[in-house]
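We just call them A, B, C, D, E and F in the order they show up, numbering each chain from 1.
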């Protein structure tokens, strides 16, 4: 709830002074805004549906199109079951762990397990608490679904689902609490408008660790592993793009100027990033590609996520472009020097553009660069330092805990299918189906 | 209009006492809420677009992917022309028949044919009446499009369109009037938040009768009739899922706590249902499938439709799971014992999960199970009895009238294409096209 | 901004008298409506996302499915890069040229380059100016993306992008200023609710000129050039349909009765147009086709664009049907008599249905035909004459300037790829990819 | 040994395969092809553009069998693929010089 | 009888079919294949991953004709499929022992 | 000249192609086919409906080579395609009467 309170408070204070998101006393804010606003509620209902759209079918299609036809359905089943599992966990204890009433730095406590105490009248800022729960649930369900891009075409369904259930419990909820639930990062005054750290860096790290633990696909670097359907990937990309308006502008938790700025920035950062990726492609190999355009779109969206309501529309173009170019070089050059198989570049795009976005939010938020400015008394240097600190905590936490959870999962249900099953394709061997009968 | 008035009234009374939807004197309610609310209007505009999205392309893709490639386009053309025909009928007389001013139990009368008397200033609760007309129009257009899943790959286009035109006139409008227009079910105090009876049971019944009258596909049980593109079906499923937020949360007719609860329940019921279907698949045959996940999603959405604003988020998980499991056994076991070819399981999923949802709404609405409770003085048993009665009326009406209308259609334009045309595929023979030229 | 002010003013005055959109003194209106309305903002946030959805992936898929598989990705890359380029241009100078503070008839001036002076507090009517900027940006980005349908499978990527950058600067921004920015058409009192002239006629003309300048595809009339995936085209069509609710109902710039009417009309006009196209197909060649249904949908949407908030729901059915039938005959009969290759019928549908819609808006707006009526003292004849005049100016401007810009582009980067590249397909030769690896 | 090539109607594939299995054929290669012959194709119209599709979908079976079995295979396909309508297909027989099984290296009739 | 197998460029299919029809060929089987030969393939790059696609799309025609017609068929394909650029394709001729029409059971040249 | 037809496992295609190139084979035609043989297919279930898919995906290679090269080609494929598991495939050898290169009109071994 605090996330909302904060940003709502921020929004109303917008005309007077631009403040970064920081933890405030929730009760005080609630005393001020204690009636429902139907306009804010309308926008948050819609934003929630938009983020749901990013999961079903956004990320599933984006990923499904990128793998070989024989595993196209496995990404769909994995995404669906992971997201559904997290939704159940969310109402059982996830919401409480992340946004519960406890004053802890890392943990929201058990006070709201089974959503206890919440009714249709409960408010969170100017919107019903049920709606805030639903909105935040979509974030929690989307994030682990991003991770599976790191080890496609070889992971066991049960392994993927179990790992994600553990991961949200021991990584996502604590870090969400730190960032939005009144925990550590909040007390530091981190600026993370829509979850660059909690969602993207977090997922990128877990995917990288997973790619390392699970090992590369059989035939990597030898067999043709070209995307089986780029139109499918493009549909997925576009749905992610449109859904991201709910993700970013919805994070204002209101239908106001801050949401509007976040939306405009989401457009311009994406535009800058897409043009940048295609330009670099053209310069380095003579051709701009459709997968390049899609990759640029995602890189831009990731980069602008923490910055959406804090920077100006022109600054966002540069922010998106920088995130995109660095991701490009990571994916096209750096990655090839290492042996790991982060198959769909979850780390290369979500992780890398996530880092860039988190740091640059602290830069482009400066009023001199068109941003809304820092909190009273905070300098750009100080803000960048806070940004770096919270990214660093996320990385360390993510690497260590994810590694342990992969190992535990491997022991309990196993992480990888047999070589024969992998060669035949997961659709046949794990799901008993074929994607196409044309 | 009454549906809206009711639920709007309900919503504002939410804090005081939880009441099932029941027919009230519309004028009285309107006297109270007679100004437009821009937030409610914003959400209903969006909800209307979301339900439209369920038709174009939601249900069309869901169905199209499930048939063989040679008939992939026929589902698209049929869906489009049926929906468009019903939209025209709706403004001509449909709205009047369903929501017209008459006091009848089964019929709204002719008072609003051609939308006579409606202007841009007319209100329906807190939203413009034009918007209420548009919202309800999408329900009327979607429902018959569901039916055609019962007899795919063999029905004549003209037969399908004519039947649906007759069916909305003699089945949908009367039952919508009974449930929402101040008719029979309303006077009984039925709880049907978003149309489980009017839409899903109704469509399931008509599809079953159609499958029986039209007969099975040539080669059923012998030829490979596997879905030609499960990715297409998954896109359709996801769009149905996202559109359903408009369907369910939009049925609150406002951007408020009731809509928020309906949205959250739509998520959790779907999650419970999807996990349940895949779990049962895993237990019975060792593999969870993509089509299983899609089927679970739909079963959950159908089951929660009547319950959306009445049950609690945890209750919804169970409600979805139960609806899903019963649908699974129906589709995978019971259906095979009979010879009919309800090709895409419209009855098996919309009908069966629709029954389960309608009955269980009367159970899970109990405050002891986390629901919002029954109307003053109504017991769980009494409510369940009302639910059963309205389902029963719908079934009897649907079976009898649908059967007659199929026969009439068969006489006028014919229902089934020739065996040769069926074998070559409807795309070539009815539409002169091929879905793919790869 | 004036567009918004006008229509907002209109909306509030709706109860008293129905007025066509006309240029008013912006300051006066702003003095009246100077506070943000969260409901209007919520709807406009959503409308903006919906129009974005028309670009990514709406129009790209619609076009991509219609070409041969070997060029399927080229439409995606072109759409993406054109839209992103225009977004950058928009915040740099486009918004200023179109909606800037200058009093000119054709040009908004440099007063708002780089969005100078706009903050999160700036309002445009009842919504934040940032949001108005974003909403209008999606129109500016969509329109040139429509044009490329005129010369698919043969245009150079750099040529397409450069042409579109020039075209928005010298055609779109001036005409948008004339229609909505307080320029020429506004002073005439044109009725163009959502941009029939600015968007559709404009794009149709440019496509036709492009098809003529660039020349037909190799093998036209000899090789099989059937759509490679009509399901893809249908998905695109449906997304355009749903996105168009943002386009049309969003053009009310508020969540009110006018938006509701616009939405309802968008439905009924589409229904009329789709039925009409398929009926004519059935009468002329015995079969209704899926591509016919998709074409009818688009023709109806185009025709109702200028009329959306001005005509009645029944009038809209006829307006859509007339636009559809005339487009059909143009595309199926007239076009074949000429040698040009407007490959995806941008002129045949957007241009032709655009003309029909623009003219008929002046007819069906008459109260006697169920419309909201003309401005005080304006007769139907006078209004039709204004509609014709603004269409004529658009055509002349569009033909002349577009032709010059194509020639300039051809000199600078070239417009057409080599015959060998065209034969092999743009995906391989321009983008280094294949759409499918099945 | 003989290579028997047969072009038949797609919906007859299963029936033919079963009939052949019944007489002891243990392997074949199946390809989806476009057939051209007496059976005419169809016309597709996309908006104004009309295309004559001159080919009809068929499946091609290629079966290598010992000489002794060849006639029976031809007869069996003849019977199973027949619908008595135009476009039922053709069967061609060619001589095969050698056959080898990859897994074992067996050659000649043993490889089949 | 002869079986004539030809691999040609896809966009030449219609031209070849028409030329063959003109000289009296009444049937053929057409398959989309991946060709490998002197004409080189191309490279595709997906993000960092580069794939050499060594095959070039071709169509394969299989035509059975009476011995007397074989040379003319070969010549006709030669002429119609030629673009004088690398990758124009190959024609192979094989002996056919027997041909049968499924619909009628006719055998030999009558079946063609 | 000989026509060598081989049905092999799809993921072995690249290896076989490389091995053949190494011994001087300069062309081939590759087709995706459905194989039927000792290797059994699989079952797919869609809701209640169960389908036995009796065919296994294979690729078919067709290579025409001078008589002298034929045995080496067969041996090379044997080695490269082998996994020692069921379904490794078959190789068939047929006589070719004539070969022509479309581009140049060259005939016989020169055409290969």
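Throughout what follows, a contact is a pair of C-beta atoms (placed from the backbone, for glycine too) under 8 Å apart; a residue touches a chain by one contact, two chains touch by 3 or more.
Being a predicted model, the structure only gives us computed values, none of them experimental.
Enquirer: Common contacts of chain A and chain B?
Expert: C, F
Enquirer: B-F or B-D: which has the larger count of contacting C-beta pairs?
Expert: By the number of C-beta pairs in contact, the winner is B-F.
Enquirer: Using mean C-alpha positions as chain centres, tell me how far chain E is from chain F in Å, no decimals.
Expert: Centre-to-centre distance between chain E and chain F: 17 Å.
Enquirer: Approximately how many whole Å separate the CA-defined centres of chain C and chain E?
Expert: Going by mean C-alpha positions, chain C sits 47 Å from chain E.
Enquirer: Let me have the rounded angstrom distance from the C-alpha centre of chain A over to the C-alpha centre of chain E, please.
Expert: Whole-Å distance between the two chain centres: 52.
Enquirer: Mind checking the centre-to-centre distance between chain B and chain C? Centres are C-alpha means, answer in whole Å.
Expert: About 33 Å, centre to centre.
Enquirer: Residues touching two or more other chains, restricted to chain F: which are they?
Expert: 14, 31, 44-46, 53, 94-95
Enquirer: Two-or-more-chain contact residues of chain C, please, as numbers and ranges.
Expert: 37-40, 42-43, 46, 224, 226-227, 229, 235, 255, 285, 289, 291, 432-434, 436, 438 - these are the residues of chain C that touch more than one other chain.
Enquirer: Looking at the whole structure, which two-chain pairs count as touching?
Expert: Applying the touch rule to all chain pairs gives A-B, A-C, A-E, A-F, B-C, B-D, B-F, C-D, C-E, D-E, D-F, E-F.
Enquirer: Could you pull out which chain D residues touch chain B in their complex?
Expert: Against chain B, the touching part of chain D is residues 11, 14, 42-46, 53.
Enquirer: What does chain A use to touch chain F in their complex?
Expert: Contacts found on chain A: 219, 222-224, 423, 428, 432-434.
Enquirer: Inside the complex, what are the residues of chain C that reach chain D?
Expert: It is residues 224-227, 285, 289, 291-292, 295, 331-333, 335-336, 345, 348 of chain C that touch chain D.
Enquirer: Name, in rising order, each residue of chain E that touches chain F in their complex.
Expert: Chain E reaches chain F through residues 2, 5-8, 31, 33-38, 54-55, 58, 60, 74, 77-78, 81-82, 84-95.
Enquirer: Within their complex, state which residues of chain C touch chain B.
Expert: Those residues of chain C that touch chain B are 14-15, 37-40, 42-43, 46, 50, 68-69, 224, 226-231, 234-235, 237-239, 241-242, 245-246, 249, 254-261, 263-264, 267-268, 270-272, 274-275, 278, 285, 287-291, 293, 297, 312-314, 317, 372, 436, 438.
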